[in-house]
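Shared between the two complexes below is subunit A, which has subunit B as its partner in the first and subunit C in the second.
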Partner chain A sequence: MSFERIKPHLPWITLLALVAIVGIADANFLRPANLIAMAADIVPLFIMALGMTFAIYIGGIDLSAQSVANMTTVVATVTLPLFGVGAALVCILSGFVLGAVSGYVTTKLLVPSFISTLAIGGVAFSAAQYLSGQRALFMDAELRDATFGWMTGSSFGIPHEIFIGAFLVLVTWFLQTRTTFGRALKAVGAGEPAAVAAGLDVAKIKIMAFAVSGLLAAVAGLLFSVKLSGGSPTLANGFLLPAIVAVLVGGTPLTGGVGGVINTLIGTLIVAVIRSSMLYFEVDATKQQMVFGLVLIAAIALTIDRTKLRIVK
Partner chain B sequence: MYELRKVDKKFPGVHALKAIDFQIGRGEIVGLVGENGAGKSTLMKVIYGAYQADGGDITIDGTKVRFQNPRQAMDHGIGMVFQEQSLITNLTVMENIFLGFEQQFVSFGVINWKDMAQAARNQLAKVKLDIDPATVTSRLSFAQRQLVELAKVLTLEERVDGDLVILLDEPTSVLAREEVELLFSLVRDLTSRASFIFVSHRMDEVLELSDRIYVMKDGEVVDVVAQAEANVDDIQHKMVGREVDKEYYREQKQKPYRKEAPLVSFKDVSHGARYQNISFDLHPGEVLCLVGTEGSGREAVLRTVFGLETPTAGTVSLKGQDVTRFNAQNGVAAGVGYVPRERKVEGIVGGMNVYENMTLSQMGNYSKNGVLRISEEKSLARDWIDRLSIKTPSEYKDCGGLSGGNQQKVVLAKWRSGGSDIILLDHPTRGLDIGAKEDVYDMVRDMSDDGAGIILVADTLEEAIGLSHTIIVLKDGIEQIRYDCEPGNKPSLFDLVHHMI
Partner chain C sequence: MGSVLTRDVLVKWAPLLVLIVLILFFAAMEPRFFSVRNFARIGISSAPALMVAIGVTFIIIMGSIDLSMEGTVSVCAVVFAFAFIAMGGTLASFAWLALPLALLVGAAVGLLNGLVHVKLKIPSFMASLAMGFVGTGFALLLTGGDRIRVEDDLFRGLLTTRWFNFPIMCYVAVAFLLIAWFIQTRTTLGRNFYAVGGGEDLAHASGLNVNKVRILGFTLAGVFYAVGALLAVGRIGIAETATGSNFMFVSITSVVVGGTALWGGIGGVWNTLIGVLIVNVINNGMVVIGLPGYVQDGVLGVLVIAAVVLSTDRKSVTFVK
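Coming up: the complex of A and B.
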């Protein structure tokens, strides 16, 4: 059996292998309570990775996701006393708009997305610094529990974050597989010239993809902010690399067109297992990003479709 | 001294070269002519090592050789002057001339620019070009670049023992008349240093320069004529050759088109330098064919109708409505379907399956509030798989894995099932085998019968003549002549070639 044929199945094989390895090393890892806690913990990152999937699915990337999430933690904390539940709307809208701006810059001004989103990320980061006065802000505990307490509670022993993650993966999966938007995304990712020649409004589709990515990054930021009960311009630092790893390891290649949100679910679980295995193997927390960097390089080098990406610079 | 014997080259579905015999003597200039697709470029590529022959022998001075790549061919004295110029424009002239061969000027890891400049001057002197070798290439005119390219190839003289063969691929296509004269006298002078193979669309130039002329058709050399016996008419007749089989193009099924309100109407439309003052009406049931050489403007006209190009002057109207904003969405909305030449790039989306491809241009018809009705898409696909006998295991098959003919059917089904009645066909039979071609011809007739208007840029002239109701011949973006082509009263190949070149 050739590598090309195994390739689509690599993500879940990797996941099972990793779970088995860590489980054998320490049986405690496989305890349901531990697995559930691990899953709940990864949800903000998962939501960001879901958004990232849309950018990568069309062959782009969204490097602003982490900064947008950072900004959202500040926006949520600042606007919570002002608007109550409306704060969530402000967060989501600002993420959507920033993503749409990235998309506009990419498609209309023809700036490659890795630059446009990097730049927009800078804008978001500055905005967070300005809004927070460069301080860590804290939410009023009572107000937070009254407004967003439902996000972090738990029912039947399962933390609500997991329900939120499950809900979002269902919505995005529906979007990807059952709507004209999802079909158009696939066409743009797999064969943009043909999508243009079929009369699709490719620019609009791409802008929407980046907007969805921004929106979900904002949701990730919001949830994270509620979880930690506060906001700061650096709160979500360390999310970007694992989010990209989750998408790529899950099987959505940088060239786009294949994979999707279910792949990202698997990819995120791989990230979660790697992360907690580091605890079991007593790898220092400062080395996490190092590991994810290496995993990212390995994942891309192994899976990228060389026929689509002939020249690499 | 350089000789091909019974050289064969096959590509999937195409027999590109059939037992070619070709030879060139020392100091000789050999011309190579043929229609598009006759096999000229394949032959050139075999000669300079970009392709490897499947059969036959290549010999130099009687010794058998085999080139794995152009570099090996160069080591045997065979150089190519590219039509699309191969110079890197932000490098200096001398850097370009010695690109990849800088080692001779290097001492202690550093390039001695003075030595290189001197050597470059020597090369430039061969082509009588008096410029500073340190000039950045982008500052040169096209004619000068062409000469630099020639000078670059002539460095082979120093590197290689034995004779040189230099291929000139359409070297005159961007040159003015005086520049062409200069180039020709230079080439004649250079015959003391090398032999030349000269490929051009311009018959008069080939006749003027070449000692002998190889005429190619359908992958074969149909004749070799010496300059003294050559005349343009004879060669053109040989280029287009065989009698056309009327059955093959479904001529018996050609019915007069309906003289109703036109589907597409061009009034004095121009597009910069691509084409000027083009006017025509396309009626329901009509097959209108644009004929011309590569770059004559025929593709640009097609892309304008679809909305991918915005004309600079004139009025385009689709079904009576003047087009104000040119983009593909508006084109599709007006009922235009485009079957592009680059089938795998613009025609189908590889990685998407048959039904996804078929509904890509008409998702609105198969969705409500943005949610797709996938079961309807599938039954549409099954229906058209039957109607066009598309060979695919099911509607779930990735279109990238279908054969060329079946991909083309998927593209046609996409437009026809969506109700498009202005169909633009750009080389619809390119790379298809004969059976698949006939299927395409049948579909063309069926679409005409249904009242669709078709604008065709055909793969061959026979195809253009066989299929069309009307032919417009373009040359350099300007309409040369227009023919009505009722069955039995069609223009001959020779008529068309005569106006094309």
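Coming up: the complex of A and C.
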């Protein structure tokens, strides 16, 4: 059996292997309560990674996701007393618009996505600082529970975050596999010149992909801000690296075209297990970033499709 | 006029024009901006940024990108500070050896970046971004989150000793700018950067070892990041994990705004000097005329998009990712 045949199955094999290793090292890890708490904790990151999947699926990258989520924590906290549940709509809309602008700058103005999203991230950071007055803001506890309490409660012993994550992965999975937009994404990711030749409106599809990425980054920020009951321009710092790692470890290569949201689900769980295993093996928290950086390099090196890159710049 | 004012001419001189207009604008808004004292302030904030931006200039000329500077700068700063203090804590002792040591560390980190990018065939933006995270993590590991104070008067003289109203660190930055200019124009390596950026196929076909040039480019960039780290430590007297933060956004913005094209082959260290000055004049000017500091990132973001759009020859680019 060649490596190419095993490759698509590597993510879930890795996940099972990691769970088994950590489970053997410490049986407490496998207690359902522990696994559920671990899954609930990772949901905001998972939502951001879901969005990132769309940007990477078409061969781009979204480096603004963290700044957009940061901005959303502030937007949510500021608009909650004004609009109530409508605050969620404001958040989602602002994420969508920022993502769409990144997409427009990338496709119409021909600025590579890692630069355009970095720049839009700067704009989002400025907006967050302006809206927050450069302070950490707190939500009114009563108002939060009345409006968004349903996001963080739990039913049948399962935290609601998990339901939100499951709902979003179903929606994005439907979007990816059962709609023309999803098919078009695949076409663009697999080979952009061919998609253009086939008559697809590639620019529109790519703009939409970045918009979805921005939207989901905003949802991640909203959920995170409700969880922590507040917002600040740096609240979601530290999300970007694990989000990219989750997508790539899951098996969506940097070159796009294969993989997808289910891969990202597996990738996020791998990230979650690595994180908690560091606790069990008593690896210092300060080493986490190094470990994830190295995991990222390994994941890219294993998954990237080098036939698509004639010259690696 | 029509034939003289072509797009190429405009693109070539636009950055300098923008810089002059900005200076005149801020001087008109607030006379205090146009003073030697304030120019020294701009010089101090520009010096470390210029070193880091020059490093990444070489990479961008090759058509690649390096996003690892935040990690590399932090690692160099922290290693320097530890070594400096361990060997005596003053430039008058053997602790001066910490200076070349920092440059060596920068070169080693850069070499590692280049190897990951070239040998594992990972696009440079992602390879270097990941290595940057590893670098920041490593710096955090070394310091455990502590700040290391470097209080030697001789070393802090970089900031406190002034010749003709400008601190020594400005002259150091200019000296390294001239070295970079020499490398760019008078060495084989410098010309090879342009050959790789102008057309890799052609460079490869003419027998150039492109991979070697790339790895050397990343190593050289690492050395300049280390110089930037030393100046940054000299400026605030502290080395910590956060020493490198914000250098990525600022240095990439500076290089691109200065007129070095992201596609490679065009631009150079003088463009970068103009770019760094544009960014720092904006940052300084906005504070001087009383605008809140948080507008900066947004303004720089818009500026960088405008610069890339202006420097892109739309006829030669089919699609971008």
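The definition used in the following text is that the second predicted complex is superposed on the first by the 313 of 313 C-alpha atoms of A that agree within 3 Å, B and C clash if a C-alpha of one lies under 4 Å from a C-alpha of the other, contacts with A are read in each partner's own complex, and residues count from 1 in each chain.
In the analysis below, contacts are C-beta pairs under 8 Å (C-beta built on N, C-alpha and C of every residue); 3 or more make two chains touch, one makes a residue touch a chain.
Quick caveat, the model's predicted, so the values are computed rather than measured.
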item	value
Which of subunit B and subunit C A:297 touches, first, second, both or neither	second
Partner chain(s) touched by A:258 [first = subunit B, second = subunit C, both, neither]	first
Which of subunit B and subunit C A:193 touches, first, second, both or neither	both
Partner chain in contact with A:201 - subunit B first, subunit C second, else both or neither	first
Which superposed partner A:165 touches (first subunit B, second subunit C, both, neither)	neither
Partner chain in contact with A:125 - subunit B first, subunit C second, else both or neither	second
Greater residue coverage of subunit A in the superposed arrangement, subunit B or subunit C	C
Contacts of A:184 with subunit B and subunit C, given as first, second, both or neither	first
Touching both subunit B and subunit C, residues of subunit A	193, 196
Sites on subunit A touched by subunit C in the complex	58-61, 105-107, 109-116, 118-123, 125-127, 129-130, 134, 192-193, 196, 202, 241, 254, 284, 286-294, 296-297, 300-301, 304, 306, 309, 311-313
Residue ranges of subunit B touching subunit A (in the complex, touch as defined)	306, 308, 328-329, 331-333, 338, 340, 342, 345-352, 356, 360-361, 363-364, 367, 370-372, 374, 414
Interface residues, subunit C side, partner subunit A - complex	62-65, 67, 116-118, 120-127, 130-134, 136-138, 140-141, 144-145, 200-201, 249, 252, 256, 262, 264, 292, 294-302, 304-305, 308-309, 312, 314, 317-321
Touching residues (chain side subunit A, partner subunit B) in the complex	178-181, 183-184, 186-187, 190-191, 193-201, 257-258
